[in-house]
Structure formats: structure tokens, C-alpha cells
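Next come two complexes, and both contain subunit A; in the first it sits with subunit B, in the second with subunit C.
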Partner chain A sequence: MSTATSTSSRHTLGEAFVGRAEQIRRAAIFVLLGAQFLLFSLLLPNFLTAGNLQNIAVRAAPLAIVAAVMTLILLLGAIDVSVGSMLGVLAWVVGTLTVADLGVATVLAAVLLAGAAMGSVNGLIVGKGKVLPIVGTLGMLFVWRAVVYGLWDNSDVFAPPLLPVLTDRVAGIPVSLFVVAVVYAAVWYVLRFRPYGRHVYAVGNDAEAARLVGINVDRVIISTYALLGLAVAVASVFYMSRTGVVQAFTGEWFELGVIASVLIGGTRITGGRGSVIGTLGGVCFVATLENGIVLMGVPSLWNDFALGAMILIAVSADALISRRTAAKGAQG
Partner chain B sequence: MLTRLLSDRRLLLVALIVVTVLGMAVFVPTALQPGILLNMSKFGVVVGILAIGQTVVILTGRGNIDLSVGSTLSLAGVILALLATSGVNVWLAAVAAIAVGALLGAVNGLLVTVIGVPALIGTIGTLFLYGSAALVLSGGIAIGGFVTDGFSVISYGTLAGAPFQLIFVMIPLYLIVGFLLSSTRWGRAIYEVGNNDRAATLVGLSPVGVRMSAFVLSGTLAGVGAVVMTAWLLTSRPEAGAGLELMALVVAVFGGTHIFGGRGTLSGTFLAVVLVTLLNTGMQMAGIEQTWQRGVLGALLVGAVLLNNFLGQHRS
Partner chain C sequence: MGEHELLRVDGLSKRFGPTVALSDVSLTVGPGEGLAVVGENGAGKSTLMKIVAGAHRPDEGSMTLHGGPYAPHQPIDATEAGIVTVYQEPVFLPALSVTENLFAGREIRTRFGGIAWDRMREDARRLLERFGLDPEVGDREMQELTVAQQQLSLIARAFHHQADLLILDEPTSALSDVEADRLFTSVREWQADGGAVLYITHRLRELPEVCQRIAVLRDGALVGTHTISEPFEPTRRTIVEEMSRREHANGPATRAPAVVGHDDDEAASPIAPPSADGEVRLETEGLTRAGEFTDVSLTLRAGEVRGMYGLVGSGRTEFALTLYGERRPDVGDVRIGGESVSFKGPRDAKRHGLMYLPEDRGRDGLYGFLSVRANLSSAVLDRLRRFGPLLDFARERTIADGYIDELSIRTSAADANVMTLSGGSQQKVLLGRSLSVEPSILLLDEPTRGVDVGTKEEFYARIRELAADGLAVLVISSELNDLLAVADTVDVMRTGEIIRSVDVAEEGAAQTIVQIAIGADDVTDGESRQGGAAASEEVS
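What follows is the complex of A and B.
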């Protein structure tokens, strides 16, 4: 970030334009969200009811938690498309250990450990192995899916909720919402005030420069992937509390909603720019879209189509803005 | 010595093919009958056709990649079947499917080269978009039962035991694109743009045009893949291409194409197709489920890139 401001004084006109475009882009998600709420409230009589909004909040918890940490991954200039398959593996762990009646603490410890381990594997491949994140995690998407398949072994796992409190409500507010709020506050705080947060932005802006100022780039990458694994583990506990079943395809396409949320929320696919607050807006948009499509009675197939289109619109807008940035920079 | 031997990927691939054949001879000897191998080659043909496009796209550098080829194949296949069931001559529908593929490839090209979206996310976006469009158009079900007009000859006709799609579609495509890459201005431009954007511009090449042509080629070939697959199965499933982007990517990278472009050969890709088809045949005959097969391929992909990186470090 600091490199961007230090060169900006030379071409102020271009920077003013870019600053404006950036601001509009950052605000876009909230305008979009407002428009979406207005539209659905007018079209769908059942949309703006306490019951429906609570329903959205409970359903969206896994998406929200994983998207918060996926923001860090994208800020690094990386990506992880294997989170859906990881969710499948970890949901199986939660379900099976819950059925085995091992006690809440043991199950939680086991799933968090497993999540961190799986995330670290992805992190090592990208951080130490220098495999392009999209290629490495695409490979792991299929590897983790095969693991789900092997564990599942032709028998669905049915399990009672590990923590029934997660789907409860306190004064009408779902408990999951409190957890999500804590996760976002924590990620926001770390990004803003902790050295690790600055390191994430620095690596995303220019990994080579970050290395030169003494940041252990590999460690930042590996630990962020491990953190993502932890987030997927937490998400799987929420997922199992709500659905109570693991099948061979559990978690398929989960990554689509997560990545769409982060990108629509304004985080750049090229790294270094974005915020977790934007992601929260993106999550609300994606979760509300799914809900609205169901309420409208439109086949849910359209949901993925809409998400794909939203991803393309968001990244196209970002590309056009940074293209303008480059052009203005070259003129100045 | 070992690293030098490994640095021509084709030698390694030939060695791996020999090892795989030996392994099959020991563990699944039934898989090595010519009839079974030729039948399995039908699957390899589809992957092989997609891998040509993938190789060319990756060669153009800048992290270019086409992750949408599987979905492009699905969507082109669904459109082929929809046209054919609505009374359009199936051969005409096949031409339309290839045109659809070219168009979808052009959309990818526009996103990446003109708008400037990084290829990995642009083509992941279209992977979702084309894939869900195929599902929406077909209503999520397989479409079949159209008048075939001898269409299936592409897949079921044989010459000396080898299916037509192998001798009359895939092998000619490898020869043609291989020739174009090695001996024409366009081919040199692909490598030059992939190696050094700026230098290519200085000698008068248009990186945008060159990369655009690669994406259009990839989409067109996915359309061809859709035709071959429909002629084979005589029905179009909206998820027919799911996972094929992984196969095409594995094959291109395993064939020695450097993920950042500029380096790689189509002959390497061809050998990798042979290897992957053999592996698939072996796993299929051994009764290994498809999800496991994809898991193995995923691990191969990661392993291949790790190997490329490791060898690259040794060389520099």
C-alpha cells in the first residue's frame, strides 16, 4: 500500500480518477445489496420476515466464516478452490466423531486439527512448492474429494448436532450471527492492527519487495492457508449442526459462493487490495440471492449461473479500473 | 545426469508409459487387449483434443490457462442435442456446436486479453457460467433420442480396428496444430508472446491478437470434443465435460508445458495423453471408481508441477 501512495504525488489527476473509481467500486457492493433487498422485498411477500432473515443467517454461516479467511488468501494474490472438498472431509470427521460420542471438546479439537493440517498441505504446495495456487488447489480439489469418497464409502453419515446452540436464537438473533460477527471483527482487527495483517497486504502487493524487507513470505502463505483450513473446520461444525448428514458430494460447489462473495465484495483477484468488510457485504449478497431465487420458485440451477455472471462482472470491473490506473500512470 | 535426462520431458514420459504398461501387465492383464485399449482410446481422444487447446493457451504465457474447456464442451454438446432433437440435421447441429465452442472461446479471449481479467479467474467464472448454462438449457437432464443420420460413425466406425475419431479427428488435429506451432509465423508468435511480451511487441506482433487466437482455438476444439463425445454416447449430458478441464490441464502440464508459458511441445502433450489414457484404462479395468481416478489425476497434477519447479530450480 505504501508504494502506491509514494508514487501517486506525481500524477495527481490520474490518481484522483483512480481514487474515485476505487471508492465507487468499494461502495458498489453495498449499493447492490440495498437494491437487492428492495427488489426482493417488493417482489416477495415472504422475504422481509424475521423467520426468513433468520433462516438466511443460519444457512449462510459456513459461507461467511470461510469467506472471511478466503479474503486473506486473495489479498495474498492466491486462491483456494479446494474448500468445498475440504468441507466434505471435515463434515465427515465431525459427523463420524459425533456419532462415536467422543464428547464435544474432543470432536472440536480433532476437526480443528484436521482442518489446520489440510490447509497446511495446500499451503506447503503453494508456499514451498511454488505451485501456481489455482493449479495446486484445483489438483487438491479432486484429491480431497477422493478422500471424502473413501471415507464416505457408500454409507451416508447421519449425526445429531454437535453444538445444538449454533442453530438457536437469542432474542430473535441466531447464535451463528454472533460467531460470524466475532470472526469478522477478529479478521478486520488483525488486518488493520497486527503485523501479520500488514504482511498479508505486503506479500499481495509485491512478494519480492516483501521478501527484501525481511518478511518470511513462505511462512505468511503457509500460515494463511492453515488458517483457511481452520475456518473450513469451524464451518463444517455449523454445516453439520444444520444439515446433520454427510454424503459423497457434501460441499460440492461451496467454493463458488465463497470466491464470489470475496470478489463481489471488492477484493482484487491480483492481491494486495480489498477488505473483509467488503466480503461481509458480498456474503450477504450471495446468501440473499440464493434465498430470493428459492422464494421466487426459480430452479436453483439459475443460482450458479447468477454467481458465475457476478464473478465475471466483478473481476471485469476491477480489470478495467486497474487498466485505467496503468494508462493514467503511463501518461503522467 | 538424472536431471538432464528428466529435462526432456518426452523421455520421462516414454519411460512412464513403459512402466505403466508393465504395471498393467502384472496387475490388470485383461486391460492390455487391443480391443479394450482401442475402445478406451475414445475417452482419451476427447481429453487429447481439449489438451491441444490447453497447451496452446498455456504457451501464450502470462499465466494464461483455460479452465472452462469442460463446461464449454458441456454447453456445446447440449446445444448440439437440442438442435438435433428439434429437427435440425445432426451434422449441421455438429457444425453449430463447433461454432458455439469458438464463440465461447472468443468470450474467454475477450475477458482475458481485451478487458484484462487474469485468465485463471476469468475462465473459472466462465467454467461456472457455461456449466450452469448447460444445466439450465437442458433442465438438468440428459438429452438424447435424436435422428442420428449415421452420425455415430465418427465414434463407431473403425479403420483396422482403430476408431474413426482417433485416426480422422485427434491424430490429424495433433499433426495440423503441431505443424502450425513449429513451422508457421503464428506458431512462432505463440512462443514469442509467451516468452517475452515486450520483445514480441517490438518485432511487430500483437500479443492481444495472438492470445485471442489461442483462446478461440481452445473453445473451438472443445466444440469438436463435444461433437466426438455426442457421437460416442449419442446423448448429451449437461455435465458431460465436468472434470475434463482437470484432465486437459494434467495432460498439458505433464507433457512438459511450462505453466508460465513459452516452453512446451505438442508432442509432449501427445505422449501425456497416451500415458493418462493408459492409467485411466488400468484404473477402470481394476474397478477403481471415477472419483478415485480424478483424485489420482489431481495428485499427478500437483506432482507434475512440483517436478517442473524442482527441475527448473536445478537448471537455473
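What follows is the complex of A and C.
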């Protein structure tokens, strides 16, 4: 009791008393990130240069934006593995409409609408259809990928950047970084201060209990998936601004980096616990890893290997911490 | 709207498959009124409650609220209509703070629609304090609380919602007597403000505290309504009779009238003589876990039933979990049959003949997806092998059916899902499973929470028999009367220490125990006085 008394004044935001395990879980990603930076700086002479860091920031924008919202999905105790295929479809929408010269506002409206709609489909499958999220979204991964192949139809779409400003820099800082900062601040605020954000945590804790206290669980699930669709739409605009091309495999394996970022960031795969700040750390780690592997000249398949290993480590470390603290008792 | 017209239910019926759970029940509840719904397990109390709470929909019948039609499709409809339910098994959001649990779904918002954390925390502190909880627990995660603390928080939550009707389902089953008293006070205050209560319980003696009328259910039908008047005793006897009368005597449901005449409030005389001369089975010496319990030493002999009594947070459950190897002690020694042991986990404990029945049978005990039979045999599967790795189903059946018979587990079939059983029968399944490994020591943690009167009697009679056959039993309970009925000696815990062991045959044992537990005993040595002060702080 006395520990709670002495620490509670710090938690004026109403956050629960944070146990040791949770502190470890939260700090882990930033320790990891520090170690990674140190290692790459020592090994790779070109790593710690303004140009390279700017490059990382621009490349990582789609990952960062989708991972922010994927945090909400994982907090719900759900998952969405179809975001890579969705990115492919939405990038095609952006590219094609840009080429058709419909005007920036129209293209943006169209892609956001399409993203929200695609996300809602996943939301309905999981929320209303009660299909296991991993199964439902795995199905959609193939469905949307097939759609990409159909739309692509053996011809790559080349398009000029829809919003060239996204790859620009202001005072040496990439514009994309500002957008990412705004997205993370917004998600953080929503999770902490909006009833919807607290309901996301509540559903992830125990969906049935959440239902009994009067939270509209289905609506929370569906709207979160819709939000994820929106995030993928925004990400596709960034993606197209940087690469300017849509191919059949655009977005393939994108979901791996997104989910890895969230998990490495300390959000529990079982939901109910985690933070978007951690995810930001996870994104930095994943993006930097990719960059470091490229700089090292190692074949990029090692990047996927490293990501897969990171997911395994993050999930099992989490399970281990939970189990140890459970064995030691909750009092800590 | 008339005085008796807050809620009216008319001809409600509900079937689950072939079982008639509720048939043609009509009742009214007026503003400020307390209506008790009593009946044995399976009498339809929970079904009635769930229909009113919007968790089930009736097959037939209708309801009106404030004179208007009321047909909730889901729990949220009931909540919005002003009907709040506190379920018997605590339902909450484990990894969120207590404050958040209090306000989940009804967050206090700022002008801009954001969450007003400061105001929520402030309100939470007041609310928790009112229910005798340490206001600091508001910042803790709900899962760190004991079951009783959780239950109190959820009741506090219901009060906060300022509903018109509060449904309390066995609210005191996880509470100690002192905590229950505090609950009654709050309920009475609330009734004075015009709030109505639908009160579901097995504990008849507490009815006059908060109820004016009693509805008795049996086999899904309303068999009597009574107005509570002084003295309550004659009415109580009538109710007990109505609850347990059987039209057709089928199977083990028939009981001797002598058993039926008792309810849990009646401190039955100890059935068997204390047996203090059995061999020592379990011994702890100076067992300590920081912040949970301190210097606990006790001896448990073969043939003995020891009780352990204490308020919420007194360290009872934590002690039992440590004995069972779920947690490690910081200091101290556990000896089984004279041999010092250090369990790495429950499996170790089981190997040493020690079995534990958990407090929360739903979460920690039963395999909810499995049948009664599978649950009963699950602890001894490794002994049921045949042809190498294959299971001997015939023997599994023999074992399971044996316990179903021996413990009179009421189930439609041995392969029925275990969750379809009543709370009492579920508990018997757990007991049967523990017995199947032929333990020499049995730890029971709140074994009769939410178990009806008749089953409780049976359960404890069985425990006495087992002890008479040489089993050593430790029963942890918040229900003092149960302990007085089943145990030879009661160890009273307060703030993590065994303050005294009381022989139940002693004159005025009940009062002594309660006084020690709440720290109202007149002890003079410095250390105990300190402990007493802490305890009474917790109580006030």
C-alpha cells in the first residue's frame, strides 16, 4: 500500500499504478533502440549522417503512420495482417487517379474514402461476423492482393508525386516527420483522453466485461478497423510521393514491419496493454534496422529474418515477464 | 406512476433447451423498495435477473419500467434505462485501474469531450472510501485486488451510476461480515433516496437488512411472496420450506428434512469431535511474504479441519497460494509430514499430496469447455493410460461417475458441459477432482461462495467425513458461520498475521473471532495494538 501512496501523485492522469514488469516492458524498446544506434554508428560510417537519417525518416513514414493505428488494433486484442495488400490497392488508386489528373483534393478524398471502406470491411468481418481477426484479415490479405494483381494487369502505374511537399524538408527536417509527429500526438491524446481510446483498452482487457458495462464493443472494433484503413490510405499517399510507381507486389510484407513495430514497442499481442509511444520506438527500430542492413550491403532477405526474429523475441519476452511477475505475485 | 410500479414483470418464461428455467413469473418493484428473490440453485433466480438486466430475452411475458414498455435487447439497454447489475462473479477490466473500472462506459468528460481524469480520480477516491476501501486502490490495476475488493468496487460502481434499480446477485458472497454490513448501510441510504433493489441471495438472514418483500422461486416458478415483519424467524422458516419442497423426489435432490431446516446463518453444532491427536501433516513456521503475511506458523493434523478467517486483505488467500507453490515465501519453512519442502509449483504440491481448491472457480478451477466427466478425471489422466499412450475411457467413466454419485453432483449427464451446472455442483466437481488424486492435505479457499444452503450443508458434511477418514483440511472462508459449522479450530488472521487460534467449542467463539478479525479485541502489547489500529482503519 505504501508504494502506491508514494507513487500515486505522479499518476495524475489517472493511469494505473505501474508495476515493475510494466516498467521493464515500456523501457525495453528504448534501450534496444539506443543499442542499435550505437552499434550502427560504430559499424557504419555513413549511418550517422544527416542525409541518411533524413532518408530513414522519409522512407519510414508509411510504416509509422500505419503502426500508430495498428497499435489500437492490437490493444483491442485483434490484428490486421491485410494492411500490406490494402496499401497495394490504395497505392494503385492514388497512382491511377493522379495520372488521370483529377486534382489533389479529389484524389485525396477518393483514396481516404476507399481506405476507410476497406478498413470497414475488415471491421465488419471481425466485429459483426465474429471471425477471428487473424483468420479474417488473412483472408482479406489474399483478396486485396488478388485485387492488386487484377488492377495492375501487367502494367506498372507510374505517377508523379501527388503531394511533392511530403518528401521536402523544412530546415533540414523532412515534412513527413511533422506529419508523423502529429499522427502520434493525436493517437496518444485519443488513447489517453478520449472515451473512445479508453474503450479500446477496455475491449482489449475483456470484451465481455466491456459489453456489460455498456460499451458498444462492435462499434469500437469496426471504427478502429476503419481508422486503420484511413491510416493505410494516408500511408499510400506518402508511399506514392516517394516511389511514384505501383507494381503487383507493392506493399507485400508491409504488414510484417508494422506488426513488428507495435510488438517490439511493448504492446501485448493479447491486447489491453501497450502504448503508442512504445510503437514509435518500435518504428524507429524497424526502420533503422532496414536501413542498417542496406548500408551493410547484406541481402535484404536478412531484413525479413531480423524482423521475424524480433517479433518472436518481443512476444516471448513479454510472455516471460508476465509469467515471472505472476509467479512473484502482483504486489511487486 | 404508482408506488409499486417502478418495474413490473408479467408472466416471464424462459427455456434453455429442454430445461424450463423460468415459468410465468410476475413481480413488481416499487421505488425505494427492496425485493429479495430467493431460491435454491437452479430455481430461476439468475435467469430472472438476467432477463431484467438485458442479458437474456424472455420467451414469453413482458416488462414495464416507469409504466412504459421495457424490453432490453442487451445489457447496455438496461443500463441506459436505469437498471444496473452487479454480477456474482466479478466482471471487470483486469489491466485497467480501479478508477477506470468505476467509470468505464460512463467517463466523466471535460467541456471538450475529453476525459476529466482529475475529477474521475477524485470521485473514485470518495466512492472507494464510502465502501471502506483504501482510496489509494483507485490507482491500482483491478486485477491486483482481492475478489472481495473487486466486488466492493463493482458495487461502488453501480451506486455511482445512480440507477433507479440496482440488481445485486449474491453481493455478499465474497464479503466478510463487516464488509457486508457496510454494503447494507450503503444500500439503505440509497433506498432512502428512492432507489429500488432486486436482491438475490442464499443468505436468508441478511434479507431484513435491505429488503421489504421476498419472492420465493422454485423450479422456475414463483411459489410465494412475503412481507418482512418482526420477528423474521417464522417467515424465514416458511421460506426455507417453500424453497426446498419437492413435488417429485427424483434422485439425489431429495434431502432429509433435518438438513433442509438449517440455513447457513444457523451455526450448526460441530458435527465431529475435535481430533487433535492425528499425525502432523502440514506445518508452517514463520512463513512470511512481504506485504502479504508475516510470521505465520500453524500445524495441520490428519483428521483435523482448521478454519481460517479474516477480513479482506488479511492475507488468507496469499498464504494458501504460497502453501500450494503458486508463490514463494520470502522467509519461513513449510513441512509436509515432517519433511521440509519448497514447491516449484502446484504440480510439486500435488505430488506431495497437497491439493488446493481456488477461490475463483470459474477462472482458476474448471475447464469451462469440457464436460463434467473430463473435469473430474483431468487430474488423474496420467493414471488412466491403456495400451501405452491411449486413454482408458471406461475407467475414466468409472472414476467420474463415482464422484458424481458420491458427491451428489447434480448434472443432466456426465458429459454435460461443466458450465451448465449450478455453482454448488461446480464446486463439487472441483472437490471430486481434488479427491481423485487422493490427497493427504486439502486447502479450500472460499469453497461455498454462491453455493445454496442445501448444497453447502452437504458439502461441509462431506468435508467432515473426509476428515474423519484421515484427511487434513484447511478451510479459508469469510463466512464465519460456515467455519463454525465445519472446523474444529479457527485461525483468525488480521493484517497478515494469525492473531489467535480459537477453539470453536469455546464459549462465545463467534464474537471472539469477529472481534479479533476487525481489531476490536482488547490486546495490550504494542505490536498487536499497532496491527489493530491498521485493521480498524481499514474497517472504518
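Methods note: the second predicted complex is superposed on the first by the 306 of 332 C-alpha atoms of A that agree within 3 Å, B and C clash if a C-alpha of one lies under 4 Å from a C-alpha of the other, contacts with A are read in each partner's own complex, and residues count from 1 in each chain.
Just so it is clear, contacts are C-beta pairs under 8 Å (C-beta built on N, C-alpha and C of every residue); 3 or more make two chains touch, one makes a residue touch a chain.
Everything quoted here is computed from the prediction, not taken from an experiment.
Of the two partner chains placed by the overlay, neither subunit B nor subunit C lies in contact with A:Val58.
Contacts of A:Arg273 after superposition: subunit C is touched, whereas subunit B is not reached. When the two structures are aligned on the shared chain, A:Leu76 is found in touch with neither subunit B nor subunit C. Of the two partner chains, subunit C is the only one that A:Pro195 touches; subunit B does not reach it. In the superposition on chain A, A:Glu208 contacts subunit C only, with no contact to subunit B. Within the superposed three-chain model, A:Asn216 lies in touch with subunit C and out of touch with subunit B [touch as defined at top].
In the superposed model, A:Met140 lies in contact with subunit B only, and not with subunit C. Touch criterion met: A:Phe305 reaches subunit B, while subunit C stays clear of it. Looking at the complex, you find that subunit A touches subunit B at residues 79, 81, 125, 129-132, 134-136, 138-143, 145-147, 149-150, 248, 256, 259, 263, 269-270, 299, 301-302, 304-305, 307-309, 311-312, 315-316, 318-320, 322-323.
Here subunit B touches subunit A in the complex through residues 63, 65, 67, 111, 115-118, 120-122, 124-129, 131-133, 135-136, 139-140, 243, 246, 249, 253, 259, 289, 291-292, 294-302, 305-306, 309, going by the rule given at the top.
The residues of subunit A lying in touch with subunit C in their complex are 1, 4-5, 8, 11-17, 19, 189, 192-195, 198-199, 201-202, 205-206, 208-216, 272-273, 327-331.
For subunit C in complex with subunit A, the touching residues are 55, 74-76, 79-80, 85, 87, 91-100, 104-107, 109, 113-115, 117-118, 120-121, 134, 136-137, 139-141, 143-144, 289-292, 318, 321, 326-328.
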